[in-house]
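Next come two complexes built around chain A: one with chain B, the other with chain C.
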Partner chain A sequence: MNPWGLSVIRGKWRWLLVAAAALIAPAPAEAHTALKSMGSFWSGAVHLLTSLDQVGFLLGLAILAGFADRRNDARIIAASFAAVLLGASAAWAAGWQADLSMLAAALMIVVGLAGAAQWRAGVLSLTGLALAGGAIGGLAGGDAATGLSLALFSLGAALAAAATVSYALIAIRAVKVGWGPIAWRAGASWVAAIGMMIFAFDCSRYFGHR
Partner chain B sequence: MLRLLVLCIALIVETGAASAHLASDSYLNIELENGRIVGRWDIALRDLDVVVGLDANADGSITWGELRAKWREIDDYAFNHLTLSRAGGSCLLRPAEPMVDYHAGNAYAVLPFAAECPSASGQLTIGYRLLFEVDPTHRGLLTISEGGTVKTDILTPEHASVVLDLAAQTLADEAVRFVLFGYDHILLGYDHLLFVAVLLVVAPLRRGSGGGTGISPWVPIDGLGRVAIETAKILTAFTIAHAITLTLAVLGLINLPSRLVDPAIAATIMLAAIDNIRPILPQLRWHVAFGFGLIHGLAFASALGPMRLPPFRLALGLGGFNIGVELGQITLAALLVPTAFMLRGEAAFRGIVTPAVSVGALLLALLWFVDRVFALDLLAVAG
Partner chain C sequence: MLGAAPPAFAHITSDMGGGVAAGFLHPLTGFDHLLAMVSVGIWGAQLGLPSIWLLPIAFPLIMAIGAVFGVIGVPLPGTEILIALSVLTLGAMVALKQRLPVAAALLVVGIFAVAHGHAHGAEMPNAADALSFTVGFVVATGLLHATGIVIGLLDRSPGGAVALRACGLFVGLVGCYFVYESVGA
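And now, the complex of A and B:
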């Protein structure tokens, strides 16, 4: 019986793949407690920036937004900021400690596949995705704010989310060469692939095959 | 609308309560001489008040009588959070008569002690846990001297135990620690950060022509390059200014008490925030950063002054600390400026977000100002 389903991959490569999967698997919030010595604001920012599923989703979202009208950019950045801020606040207020990495990975797959297909999403779809992904990121991070200032933690996380989308959009808008869209589509496919790996890892963890 | 207003005020008070907390440092000086170990440990009374409860009648001030009644508890608390060991055996710490001293206008309990170790030679190991259980942002500033050799270290929750090998520690190690200390100091100094943030939020904007209202509206600056240059000007001017006053203060050429400096810093934030809404300061923002940076440097002096470093170590410490502060500002700019740049073209950003951020900063700074001028400790209660 091979619970990993990796029989086609032999020898050391199997273990390398397992190690890579373990590395990219989203760490539980407790792993970030060492960040508390950085203070509430920076804990929030670093918490988001060290969550691979969050950063992956935000990069995928930015690539998807890059194929749409640039007049939507500000709205998507603002929606990401607001959703993370409100999500973290809501999780903290409700005392909710949720492991939402599977959901976050699913959203990574959605934005990654849509970007790889160069889907020209409308402003409502993009804003909805930004709100959903941001809220999941905020909710997932809220419990890490325990013992810290909620307002500063949420603000740090929200600014980090907005900055991630902004950097990606600045880069996307700056590339005006012909191969640009191909490169961004390739990038989006990587986001989808990593999302699938995280999703698969979470499934195996959830269903007890770890 | 009323609910939204109440929520905003609650968030500002909560933010203020958390961030009004001033940098928490203690100064641990240890001298090794002919196998004898003596030390002096300076711990801020405001920090001890949190863990020991010095202000018995809760009137906001700590009297000599209140302090004298708690010396035993202070000694017990402090020396239960410090361990020295040598050659594998624990040293017995013997506290001497405590005193009070002032650093940058703040009162510190001075705890002299001697250590009796099982061996007079061998590597000395220090375990430092003061305040970490209640404040992970607390830092212990260690100065250790032996036969004219002085070394320093910064103790944090992640670096709470150090093995002192004076011969092995290089100047580069020490310089890096001061850079990290400066970086830490600015990242945890929310009043300094808020001031820089108030300047940076309008870094991608410039004042346009006045129009009919007499108030020049903000208009976007074209191009990322120009915004980056504007940001660099602001940060560099602030760094040069605080480096000047920090150096003068650490050298003892300026000595202003924190009861003046801390409210003045709050006032700089208020003025910069008002200027974002209605111009009252020079148009060139780097002039503002330089002028007010001179005041912020005076506050940084409390971080290095009491370490009692010899001249060369002091120069190393000042250099490293200033580089660290600059890196901290760059980190904040890296977080804020890209978003401000992307949003600068939106009328809502210029007309709603920028004024809202400025009003929020103004209210927070006003809260700090009142709290610091009247020593009300309002925000500690709220926190």
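And now, the complex of A and C:
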């Protein structure tokens, strides 16, 4: 007996239903003050996972990497991990509170457009994007580590980034036939569209149109 | 799970959950947006390959260009009339099962995507959190396209094809009303 009533829904349809529910469920808003009560490690992890621009970039990167050679995957995951770790540490050490959302949006545009075009990126391009995006994510989140253990905060954020890319790559590699590649390309176009709008919004804020 | 409302954590910088929900509901609560987005998917399915995948991939990107104009405050004259015309035109395309060349179909959809994007983009600065609002409405728009494509697959059966054309006629008539309203306003 399945109390959720999902037993009548088979195979991939069950996962599609769960994914749709996750998309439309109201997400709890979590940031600096609330997160600190979770402890350093989880504060770092959740900080990255609730930064929609970072998550958007990482998913776009995974889609782009999913169209490339599978042998690059480990290097891209490692680059994301290392860049977030070093970025968060550097921001904390320098006491830097930076608003890097414009740069994050620019990277979303790059990975989104490349993924929508199903560009087969080389390992250097992918690693470079992973390093740049990870560093921006780490630098942007470093100030949230104030009052926490830097090592644990950075480790949590870096592991969250690596896990996001890893799970996304697993999903992308698993659905590579039929409608799969089309859905991933559409997803990449969403990432690019969000990046374009946020980039314009940030530009209008910085240059005084709004 | 669909109806679950998790408790919101205290937040000092932004309202992420509220922003996503507001953005997600923006295309869903606007009947003109909803009908146009679903019609894009249905029309793409009627046109078959490559339009069935090209339109949903291109639409968000072109819509984003319109949104950029809305965000930076560049006016787009007649936005409301264009949105109303999009419902009328896309409904007519589905009702007539109009088989335009891919480039022409992309042009038709692109013009209307700019208008819809402009309307969304103009709302962005009013949102509590522009990023989460954007994520919400882009995802909702994409899911409406997907819904349209799934409905459009009915075109493969004779009865389904007739039902789709009837739906297109209904959408077109609603579009006529929207055009009448926007011109009269």
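Convention: the second predicted complex is superposed on the first by the 176 of 210 C-alpha atoms of A that agree within 3 Å, B and C clash if a C-alpha of one lies under 4 Å from a C-alpha of the other, contacts with A are read in each partner's own complex, and residues count from 1 in each chain.
Convention: contacts are C-beta pairs under 8 Å (C-beta built on N, C-alpha and C of every residue); 3 or more make two chains touch, one makes a residue touch a chain.
Computed from a predicted structure; not experimentally measured.
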Open item on the list: Which partner chains sit in contact with A:Leu59 here, chain B, chain C, both or neither? Use first/second/both/neither.
Closed with: neither
Open item on the list: Touch test for A:Leu103: chain B only (first), chain C only (second), both, or neither?
Closed with: neither
- [ ] In the overlay, answer first, second, both or neither for which of chain B and chain C A:Ala88 touches.
- [x] neither
Open item on the list: Under the stated touch criterion, which partner chain does A:Ala157 make contact with: chain B (first), chain C (second), both, or neither?
Closed with: neither
TODO: Give the label of whichever partner, chain B or chain C, reaches more residues of chain A.
DONE: C
TODO: Report for A:Ile136: first if it touches chain B alone, second if chain C alone, otherwise both or neither.
DONE: neither
Open item on the list: Output check: A:Ser189 vs chain B and chain C. Expected answer is one of first, second, both, neither. What do you get?
Closed with: second
Task: Touching partner for A:Ala114 - first (chain B), second (chain C), both, neither - done: neither
- [ ] May I ask you to decide whether A:Ala79 touches chain B, chain C, both, or neither, giving the answer as first, second, both or neither?
- [x] neither
Task: chain B and chain C contact sites that coincide on chain A, given as residue numbers - done: 34
Task: chain B-facing residues of chain A, complex - done: 34, 36-42, 45, 73-74, 77-78, 81, 148-152, 155, 159-160, 162-163, 166-167, 169-170, 174
Task: chain C - residues contacting chain A, complex - done: 1-2, 4-18, 20-21, 24, 53, 56-58, 60-61, 63-65, 67-68, 71-73, 121, 124-125, 130-132, 134-135, 138-139, 142-143, 145-146
- [ ] Would you tell me which residues of chain B are touching chain A in their complex?
- [x] 11, 14-15, 17-19, 136-137, 156-158, 187-188, 190, 193, 224, 334-336, 338-339, 341-343, 345-346, 349, 383
Open item on the list: For a test of understanding, state which residues of chain A touch chain C in their complex under the given definition.
Closed with: 4, 18, 20-34, 50, 52-53, 56, 101, 113, 116, 182, 185-187, 189-190, 192-194, 196-198, 200-201, 203-204, 209-210
